[in-house]
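Structures are listed in the sections that come next.
The following pair of complexes shares a single chain, chain A, combined with chain B in the former and chain C in the latter.
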Partner chain A sequence: MCAIDTLETDMRTSLLIAAILIAASGAGRAETPRDFLTRFEKEAGTAASAERGARFFTAKQGGEWSCASCHGERPTQAGRHAKTDKPITALAPAANAERFTDAAKVDKWFRRNCNDTINRACSAQEKADVLAWLLSLK
Partner chain B sequence: MKIRLSIATLVATLALPALADRLPVPGNPVYVEECGACHLAYPPQLLDAHSWLHVMNGLDKHFGTDASLDERRRSAITDFLGRNAGGRKTGVTADAKGQPLLRISDTAYFQRKHREVDAATWKRASIKSPANCAACHVNAATGDYSERSIKIPK
Partner chain C sequence: MQTENPSVRVWDLPTRIFHWSLATSFVVAFVTSESEKWRDIHVVAGYSLAGLIAFRLLWGFVGGRHSRFADFLPTPGKVLDYLKSLLAGQPRHYVGHNPAGAVAIFLLLACGLIVAASGYATYNEIGGHVMEEVHEAAANGMMALVIIHLAGVVVSSWLHHENLVKAMITGRKQVHHENPAG
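And then the complex of A and B:
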């Protein structure tokens, strides 16, 4: 009886700590792919277009690579790094639940990969379009 | 306890020849997550600390790609690489003018080890470049670069 009481208290304490940690780390951060789409659309001031996103994703725009060079033409499947050949897990949220759930990662990869493909930062509209297209893939 | 220790010593001794081609990557989740996202998390032993410092100071132009990191992660990885850099096998990794080499494949150690691999082999679609260790060293991710674990793909 005593042991069970202690266990319950421990569990309650752990749950409380976990709740505080989640609240502290998640404050104000988008956490689902839809949240990111909403954020980018709001920044862009217009609705996203999945069709435009598809074209943007697969077309080279002055640089050596397009998004598809590493993520593949069908991002519901795994891709491969164009230079190192390292496998890259699927980018479409329907195929990979981890994608577009962490603001720091989303911002980091857009920052780097836009530089690598179009030699500049992507606009909010470009990000919204790509994400709308990725979300349309099943 | 004594017997167990002796067995451990025996096993370690028997395993010694294989150790010559073992380049284990000391556990570091940030290094593996960030650097291992685009390529194998290369053994830090393959460049000296000076080379790693230069690599880590130029991440925004990292062999033709933007690999920039936030400052907290960049400095944590720089420290990790510095602590585990270089060593007996690779020695100083600088060019003839003393400039730090940034590519592992440019080091004397790497070139000596791969002198039997011709240029055409490196360019095979199944290999792509010397950056792709795991194409031939099938157990590279575990630090095993032994002859036994080499399978050169067609």
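And then the complex of A and C:
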């Protein structure tokens, strides 16, 4: 009996923790892609360049992958995971309203994907440039 | 083989294979979680972990004596008694799992199920972003449990003068006669 109690308690605890995490991540006010662009430009201390962003996005930089390897050359369309071949929803905000609206997601995926493509963290300027380019796509 | 202390068989072979396979699949899944390049390995490790836990749940009813859940169900009374004996510096000795270890085992199994199910959901895009959060939280919880489990193994081995790591490899424990409890 007690094992089942323990299991249930643990599951309840896990669900509770998950609920708190989700609430906490959702509590950060809804942001727009423009807010992120402003934030990255401010951190970089310079204005973003969509042109530079386009080059950064499509060119491999020593690694096996570029951003475009998964997100496609035209991120207004769905991409395809370079390893699993699974579809990835469009990255450009004009084509996908959910993109760049959640700070936790934005930070998490820049962290992971920059490591996968350029083997280091992206600078604020690189993030600003890429986002400026993505925002220019219609 | 045995000269002074006789040894008893505690962990049957399937339980030992399960233990080290689970540990391996969890470590592999954990270290491959940060890069998309390892995504397929991560998924295979996740399926392995799920399959292993399914086996262990079954083995908990039909396996060897000390592998059965009924052998180490941790009632609050037993856990409390064990912790008290631990604090008194005279830990009660269990041939199988001690009650504190038993709690960790049930929590690990439950955590593993949540990690595998939420990982499957995330990979197959069922249940949305929530599943990704649950997956990460449960995996981190499982890692915390693993660390507690390892600390427990070290402390327990030291207090009871027995090598628990070796016991999980050979399946045998030396017979002692200190504070026997079960």
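The working rule: the second predicted complex is superposed on the first by the 108 of 138 C-alpha atoms of A that agree within 3 Å, B and C clash if a C-alpha of one lies under 4 Å from a C-alpha of the other, contacts with A are read in each partner's own complex, and residues count from 1 in each chain.
Keep this in mind: a contact is a pair of C-beta atoms (placed from the backbone, for glycine too) under 8 Å apart; a residue touches a chain by one contact, two chains touch by 3 or more.
All of these numbers come straight from a predicted model, not from anything done at the bench.
Asks: May I ask you to decide whether A:55 touches chain B, chain C, both, or neither, giving the answer as first, second, both or neither?
Replies: neither
Asks: With both complexes superposed on chain A, which partner does A:120 reach: first (chain B), second (chain C), both or neither?
Replies: Neither partner.
Asks: Is A:42 touching the first partner chain B, the second partner chain C, both, or neither of them?
Replies: Touch partners of A:42: none, neither chain B nor chain C.
Asks: Is A:85 touching anything from chain B or chain C once the two structures are fitted on A? First, second, both or neither.
Replies: Touch status of A:85: first partner only.
Asks: Does chain C touch more residues of chain A than chain B does, or is it the other way round?
Replies: Of chain B and chain C, more residues of chain A lie in contact with C.
Asks: So which positions on chain A get touched by both chain B and chain C?
Replies: Residues 81, 83-84, 112-113, 115-116 of chain A touch both chain B and chain C.
Asks: How about chain C: which of its residues touch chain A in the complex?
Replies: Contacts found on chain C: 34-37, 39-40, 43, 69, 73-76, 103, 106-107, 109-111, 114, 129-130, 133-134, 137-138, 141.
Asks: Quick check on the complex: what are the chain A residues that touch chain B?
Replies: Listed in rising order, the residues of chain A that touch chain B are 81, 83-86, 104, 108, 111-113, 115-116.
Asks: Using the touch definition from the top, list the residues of chain A that touch chain C in their complex.
Replies: Chain A residues touching chain C: 1-3, 6-7, 10-11, 14-15, 17-18, 21-22, 25, 64-65, 70, 81-84, 105, 112-113, 115-116.
Asks: Could you pull out which chain B residues touch chain A in their complex?
Replies: Touch residues, chain B against chain A: 37-40, 63-70, 127-129, 131-132, 135.
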